[in-house]
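Following this line, the structures themselves.
What follows is chain A paired twice: with chain B in the first complex and chain C in the second.
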Partner chain A sequence: MGLTRFSGQQVVAAIIFFLLLASPPFLSSFLLTLLTQALIYGILAMSLDIILGYTGLASLGHAAYFGIGAYSVGILATRYGAAFGITLPAGVLLAVLVAAIFGTVALRATGVYFLMITLALGMIVWGLAHRWVTMTQGDNGISAIPRPDLGLPWSLSLSIPFYYFALAGFLIAFWILRVIVRSPFGQTLVGIRESESRMRTLGYHVWLHKYIGFVIAGGFGGFAGVLWAYYNGFVSPVDLQLATSVEVLLMVALGGRGSLIGPALGAGIIVLLKNLVSVYTHRWLLILGAVYILTIVYAPEGILGAIKRRTKEVKPRAVGVHGLTEGEIEGG
Partner chain B sequence: MEFWVTQAFNGISYGALLFLLAGGLSLIFGMMRIVNMTHGSYYLLGGYVGLTVIRQTGYFPLAILAGALAIAIIGVFEWNAFLKRLSGQELGQVLTTMGFALIFQDLALIIWGGDPYTIPAPAMLSGAHRIGDLYFPIYRIFIIVVAAVVALILWLVLEKTRVGAMMRATVDDPEMARGVGINVHLISMVVFALGAFLAAVAGVVAGGFVGVYPGADFEILPYAFVVVIVGGMGSLKGALIGSLMVGLLDNFGKALFPELSYFTLFAPMAAILAVRPTGLYGRA
Partner chain C sequence: MSTKRIAAICGVLVLALTVDVVPAWPQKGPIKLGFLTQMTGGGAAVGKDMSNGFMMSLEEISNQIVGRKVEVIIEDTQGDPAQALTRLRKLVESDKVNAVAGIFLANEGYALAPKVDEYRIPTVWAVVSADDLTQRKPTKYAVRTGWTSSQPNHPFGEYAAKTLGYKRVATIAMDYAFGWEQVGGFQRTFEEAGGQIVQKLWPPLGTTDFGPFLAQIKRDADAVFAVMVAASSLRFPKQYQDAGLKARLPLIGGGTSFDEFVLPALGDEAIGAISPLIYSAAIDTPVNQRFVKEFRKKYGKVPGYYAEASYTAARWIAEAAKAVGGNVEDKEKFLAALKKVEISDAPRGPIKLDTYGNPIQNIYVRKVEKRDGELWNTVIQTFTGVSQFWKYKPEEFLKQPVYDRNYPACKYC
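Presenting the complex of A and B:
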């Protein structure tokens, strides 16, 4: 029973991977750019999942790291003509550095206080993007960011090669994050989410684990921002405003917290919904607002959470038939 | 000297506006621990309702009252239908109230359009009061007076009345409050309505001063949150001091370091929270 479920997951993963790999030639260029956008937001949502889903800390300032990555590219590439080999490490390291500083402040709090402190910290970065005009060009944003030249035979200014570039970034991020959450470190984060006091009693350094998780999340947020700047060719304070931070929270919650795949799925749904709905109506904010509320009312654990619960509901019968215990099925 | 006095006055009057917005929010936070992203929408919608009322009647006090009551009703509906079930679920609260904020934003755009408006203030509130070479706009003095009166009333109610004692008890320990027979549910609803009411008052008052325009909701929301966390959730005194600090820092920051103005506001706030995570007058 456990074995079939496991390979079932593998089959689904393989099908998704194959579809992502093979679909570009069959998609319109509009859909392809949306899919590219979904992959990049997917990285951002997965990075937030490390602290929100695995550690249980809801941040209202995660767009800050996305913005730092994006602005690093914008400033370095347009002012100094910096290549991808410079902008990528610069954007990610700067995001890591800022997360390392912010983490020391934010992690003194939990719950509502953590939300509010991360909001204030996020506003610092937003304020700089908004007002530090000589560096960031303020509300006009930085435009005409050239696509990176990796010395490949395919130009990344075309949508299909750039899609594969973003897909590679997504898969690398997914793989690294998956290794992290499956490691003893990642399992400790889950333990902290479930019971901080118990983990502390067991001798784990709770603060340090949270802190490292926070910094990792910031770094991958920055990575997503780097790709975003190249994808969009434009960065502006909108990329790191409060509403963007909340939107990433929605992506994670909608897909299903603590699963990596769920947040990526949530990101895809929100990106597609926003763009497709706005083609047909100007009233997409009403629809997006309804999605926020309906998610919490009908799928508080997200789409993956709802699926998991349904499979669990079937389980008692399976236990009866095969005489397996809950633990054996879970361990699969 | 003139610069400092003028900027300090502007900062204090903006702080007074922030107190109207954040005083009720702080009580809501303290009592229910609800993160309400709709609070900025109450401010915006209050301003718009006030605008419509003043266009129909030309009567400013009625505009304030009508705007505040209408928004208090919306707030009570939102709390009763959705938020009270989400106690302890911060993520659920953030997302639900964000959904409402987006819906209200779009509805306001449908009803009132995208143009900025100013609410015409009555003649007695226009003009400026002159002391030496300095001019103090009467309208800004009016805002300071309104905030002071509201602060005084809130303080008297909280400290000197039976209802106030119930509210304080609920902030301190909701479970014990329920245990000694306080109707925590009713008290919470009243406080939520009060917060929405005051936010809308702030919105109408601000309409005669910074105007009513799309986007004002999300522009002011972070300020309200920062006032509440720096002052300490549930503390009226904290909200008052927090409002003045934010108002002054914001004004002097924008005047002295225009390029770093938000940094000079939010960075000191973060520094205070680094030292006192529960704010100046908050309890964990």
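Presenting the complex of A and C:
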């Protein structure tokens, strides 16, 4: 067979990549804005996957880093006219810094307690956005954030160039995160997820690994936030409220945690469902709810997990770890 | 993975990516209007009132404007500014609407404003009341048919000092821009008329237990000015009464604390409360009586200002479209017409716009009373032709910052 050199997975990935690259000129501009949104949310979901999927810690405060990235852009670009070359590092570094502080608090706990602490920390950032009016303009949000000017011949205020801009961001984030999760460091995170005590016995500094993973996730969350602020030209406390954190968590769970591509897929599905189904009915939440329930019942390892299980029934599991976490999650 | 399966997946993907939501329409088809409001989540009931009012207005003209059919596409903002932006993109880029109306929340308004100008899409802010949308950050392509948050409270501050005779008032308001702007407007004119704001309390948005705040209220004030919204509007008056305050300190407040949206759910505890707004269902004009009767027949409830403002917004668009002979495709002319509309017989009374695109209209001081077993906002005083700048010169008014938590400062606290 001609396909023997490549696995089906790789072929699908190549086709999706090709479609992402080549389809924009043929799409309606509304669909294109949805895809752009999906890419940005995809980065956020992938970053959460580092702690949720690979390290096994469910965070309910991930929107905080997203919001910090977005607010950095909002404040710097509208007040000081800062260029992309400043807002990007500022947004990412600030998110890293906050994650570094929050990590020291949150990583004292695991399971439900970790969930609660991250929730509380996320709410602190939300409260700050809401109440520090002189800086954030409070509930009204910061509007009229200009699109970045990269000195390219194409203006990013048009939807097709901005789509490619977001796509580039997505691919860079995906590539870096993929290198990270495949590195010995990433494998250690998986080991910690599977059995913290065993890893500790083997001599790994468990806390430090988790901490670094947590900070990396925060940084990429901030990166997604930077793109989001430019995409919308607007940032408000809604971007970092609890509902946003929950939505990202659902994206990861729906797509399939611990796979990077899965969460990105989940982000795409949720963004499209939210926007396309609601064109036909205002009861779209019912449909979204049904999708979640069906996923939990029939594909608890997420959509990608289900596809993998079906297509790879004969082969041993790639990392051989999915079964274990299921039990753990349900138990917790 | 078999080749067949891969092919199937590809097929589905291609299909999913290329399906356009709505095809482009020919130039002279129906007039298409986009209506943005919240249809799911906490504000869904408000969104329903808004869309009902809007649709009812168009049905009364048989969905026809100078021979052209009117088509409305209602989109759900979910109370999320980012989602509101996405919906605006859809309405303008995919549906190719000729105008957009609606909008409930301030942050949605601020998020959409720059995009509205970028798209150059004529827009009517029906309900969103954030002051700066028609003050310090005006949108070129939008007009407002509702009100600014401080607008009703300017005359009311003066009224409270001069007519009600209060000298010292404590305020308790939801802690966000809508609350700040209402309290700010009230405070400014109340203090200029000789009154004193002696306390400002700010319960967070969504507070339902006001115990800790009610305990703090200064008992030596003459009255309490409350700005509540949604669920807090429902709970506050009862808790105010239960705390034994109703008998000691008269309750006055911003319009949404006691509007028709919450009145049916309130009990006798609300009776006697006085508040100002651009509308009351109890306005005693034939036009309004008919509007209330028809709305009630159709949707089974008394219309509040959300419904009236959206009803009038649709009328506004229809009048402007008529003025340009139905040629709404000429955006600039249509926009100019929107800015020139004057309506003398809206349910709320006569309306025209100031040069900033905000209505000059009547402000009604209303008192909650029981009539035939129902609560109504009886109009006890009408201020006619009130502008968002009240009696101040617009240029001078705009030099001061927008009202917020600490502006005007609480000098007598």
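Things to note:
Note that the second predicted complex is superposed on the first by the 304 of 332 C-alpha atoms of A that agree within 3 Å, B and C clash if a C-alpha of one lies under 4 Å from a C-alpha of the other, contacts with A are read in each partner's own complex, and residues count from 1 in each chain.
Just so we're on the same page, a residue touches a chain if its C-beta (ideal position, glycine included) is under 8 Å from a C-beta of that chain, and two chains touch if they have at least 3 such contacts.
Keep in mind the model is a prediction, meaning the values are calculated, not measured.
On the superposed chain A, the two partners chain B and chain C do not both fit; they clash. With both structures placed on the common chain, the touch criterion links A:Thr311 to chain C but leaves chain B unconnected.
Applying the stated contact rule after C-alpha superposition, one finds that A:Leu285 touches each of chain B and chain C. Shared-chain residue A:Phe30: touches chain C; no touch with chain B. Residue contacts after overlaying the shared chain place A:Leu94 against neither chain B nor chain C. In the superposed model, A:Ala267 makes contact with neither chain B nor chain C.
In the superposition on chain A, no contact is made by A:Val215 with either chain B or chain C. Of the two partner chains placed around the shared chain by superposition, chain B and chain C are both touched by A:Val133.
Among 236-244, 308-316 or 326-334, the region of chain C with C-alpha atoms clashing against chain B is 236-244.
Residues 130-131, 133, 285 of chain A are contacted both by chain B in one complex and by chain C in the other. Residues of chain A that touch chain B in their complex: 52, 58, 60, 104-105, 108-109, 111-113, 115-117, 119-121, 123-124, 126-128, 130-134, 241-243, 246, 249-250, 253, 283, 285-286, 288-293, 295-297, 300. Those residues of chain C that touch chain A in the complex are listed here as 1-3, 5-6, 9-10, 13-14, 16-18, 20-21, 39-40, 74-76, 79-83, 85-86, 89-90, 93-94, 106-107, 110-111, 113-115, 118, 130, 132, 137, 175-177, 205, 404-405.
Per the touch definition, chain B reaches chain A in the complex via residues 29, 33, 35, 37, 82, 86, 89-92, 94-96, 98-103, 105-107, 109-110, 218, 221-222, 225-226, 228-229, 233, 258-263, 265-267, 269-270, 273-274, 277-278.
Against chain C, the residues of chain A that register as touching in their complex are 3, 7-9, 11-12, 15-16, 19, 23, 26-31, 33-34, 37, 130-131, 133, 138-141, 143-144, 157, 228, 232-234, 236-239, 272, 274-276, 278-279, 282, 284-285, 311.
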